[in-house]
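Both of the next two complexes hold subunit A, though its partner changes from subunit B to subunit C.
Our next item is the complex of A and B:
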């Protein structure tokens, strides 16, 4: 699972324009201005191409994917 | 009877909410009682022959669409599913299209509540297409479609969220919290809507002359009036919902403190803007990214914003002012997006103690001018 987690964080960092060490697990990505609507869609499309799973932003409310930890948990559950 | 206006409505509302409060405080499930109250208000509100014919026809159409789509959803290949959904959405929105053309064609048909009920029906169709809803009970669907507090002015609720509330049971302690929150919202909403918006209407909007300066003042007055009028209505609707055990989403969150237009739409008529974000913007942008329609990936986002805001404008009506309002916000959202993407300092300015108030003031004026056009005061 560790490798998948790294890939998710790398994709998130690329979308946010941040370095992995800048992101804390409980950081509120939307409130901090790191993710917006376009960011979420870009991230999900990127993760779909990496893992070959279908991710739908409307499946869950934003609060479910609002921090790196929550996002990782949501995506890992789909794999 | 009109919802949330007049002595009779509030008298009946209080009478019908008291048993709900008693049941809730006893820790009982409110689904059946809430459904009965919704049916009672539906009968009272759609009482004229024209309104009754509309609501019966509308309900049967949406029920048939949802049930038949559910039945054939898994029999159609993924390739054809988007086309089938498009057909169903066109049929589902046909009453609202007729409602918007109603005035233009000189017809006199009655379409009370069509705007918000259409959002509910279309959302459910998309949910079924996405596979998130695989089973729909007629009673649940009926309750969701007709749920009376939000039928005429929102908030726009989502099917799975609504279902979770009506099928769950709050503990006595949880319901006590909901009841207090509901009563508080009912009173605050009434204060906003009847007192503050009412005073603004009577003593500001009604007396301003139609001169340049008068219209300038009207722009501020109408913006503040619309907030108190609309947020007040939303609060009353949410309050009634809480007492019936349905915790609808909040619709406003201090919109005049927005530091840019994206921030504004995250704070103003939130349930509508998030609906449009999820079902128009997200869908379009996702397809554009998956299929690489544009060289620059942000182009899809810009077009997505224009599409989304134009949809919002058309949803309000086909008058020139609504079309302008949609295009105005669409283009300004693009500009906002360009600034976010190309001007790195913009993000920092939004958090800067000196610049943030300046951005708030600019955003307020941009929004107010849009609402001045929306009001129909200048054309």
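Our next item is the complex of A and C:
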């Protein structure tokens, strides 16, 4: 499980322009300006190519993925 | 003017002009409300006054009647979207000095806009009161904007860090309609997408061409863009037949496999403008919407939205070259020139000059900038206005191909951005000594921006927190689409042999 989590956080960091060690699990990604709609799309495309799992951004409310912790939980659920 | 005449014509029918969430405006209402706004302007400020009207808002239903109302009173309007921060709104107001400031999104309630920057301010309730109070008044067509009069002034990113205004005249818009409307008229369906913000000129395709053809504008607003499940729900019931957007918006939409001909059964054609159209997006659209047309267009704001059009073919997709930016519209002449201004032969890359009746008179109140970019072109028995685009372009046969900029302007998600504009504003941020902003490309186009920043004194915070604080403060000065995604802190910058920051060296670090 740890491996997948690292990959998700790395993909998120790539999109946010952040370093993994700087990112806190409960940071509000949208409020802090780290993610927007375009960011979510790029992130989902990236996660799809890493895990081969289908993620449809049109079926996901922002609140479900609004922090790194929530995002990880959401993606792990789909694997 | 064609658009005002056409609205009046359709006003005799029960046709719908605008759908904005639960609200609808018929052409009759559009006509009546814009007449009321014009009557109010004429009554309050007189027929001689020509001061542009600044309209701040997003996709509110009241926006379009206010815009057309200004035209009916002989005034230009300046649409300013809610993504523009207070600092830039102040610059625009200070430049335009409007007598009437229509504030549909309450920017003034925050106290950030000094009241001495405009004459009178009206909010949404006051606009609705104007619709009611002046109902039934129909200002004479003699008050309407005339050929050389500006219809709108759009403010775009300027390299000095202050936005510059591009006025577009009635004659410019008439030319766009004459040359381009067939590309929209060819679609049988009634509904055209209204997604691009009104302060960005791709919206003119829907607001002028679509509206004048009697199409119904279907609004997609910022709220829907931020709530993707809702966006798709709306698209499914929209009946859109003509898609008008930047490629970026379509790229965002196609990430969901749901975006196909089943979701949008009425779809007939996609019209793209504003940035590079990639092979990948076109291939996806061809596969998801078999038999539907994808039209690529090109043009700077200074030449009224677009000056080319072309249907993308399967052969273009199989070609390793980028998709052409199009074929010049009939009236438009392109010249590709070298640094000395000599015209180059086919196949050679140089700066593109646009010679057309669509070219603007020049930047608002800036004869210095106008002289740098605009020119008079003599040839073929006439003198036409020309504009130096700053785009590096070559021609093969009838097609033109874009190969980048000759300066520091970039297109990101369809927005036109001067990198120096961002840099100059970043240096206003606390503790920032120097900033260099670079684009990062992915699959044929720019994906995001990175800022290299030198601080005045070391930060106590982590690099991420420092970067976030810089981005937060920068939001006071710049629209969100201009905020670099990534901030890289540096103790020094590499210097090239000219003693300038070596951008190429910094760019290598991004690879």
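Note that in this section the second predicted complex is superposed on the first by the 79 of 79 C-alpha atoms of A that agree within 3 Å, B and C clash if a C-alpha of one lies under 4 Å from a C-alpha of the other, contacts with A are read in each partner's own complex, and residues count from 1 in each chain.
To be clear about the criterion, a contact is a pair of C-beta atoms (placed from the backbone, for glycine too) under 8 Å apart; a residue touches a chain by one contact, two chains touch by 3 or more.
None of the values given here were measured: they were computed from a predicted structure.
Superposition model on subunit A: subunit B and subunit C are shown in a clashing arrangement.
In the superposition on chain A, A:18 makes contact with subunit C only, not with subunit B. When the shared chain is aligned, subunit B and subunit C each come close enough to touch A:56.
More subunit A residues lie in contact with C than with the other chain of the pair subunit B and subunit C.
Touch criterion met: A:38 reaches subunit B and subunit C at once. Here subunit C runs into subunit B after the superposition, and of 220-228, 292-300 or 454-462 the stretch doing so is 220-228. Applying the stated touch rule to the two superposed structures, the overlap between the subunit B and subunit C interfaces on subunit A comprises residues 33, 36-38, 40-42, 44-45, 56-59. Across the interface of their complex, subunit A is touched by residues 225-229, 231-232, 248, 251-252, 255-258, 413, 447-448, 450, 462-465, 467-468, 471-472, 475, 480, 483-487 of subunit C. For subunit A in complex with subunit B, the touching residues are 33, 36-38, 40-42, 44-45, 48, 56-59. Residue ranges on subunit B touching subunit A, taken from their complex, read 126, 130, 132, 262, 277-279, 281-282, 285-286, 289-290, 297-298, 301, 337, 340, 347, 350-351. Interface residues of subunit A, counted against subunit C in their complex, comprise 15-19, 22-23, 32-34, 36-42, 44-45, 54, 56-62.
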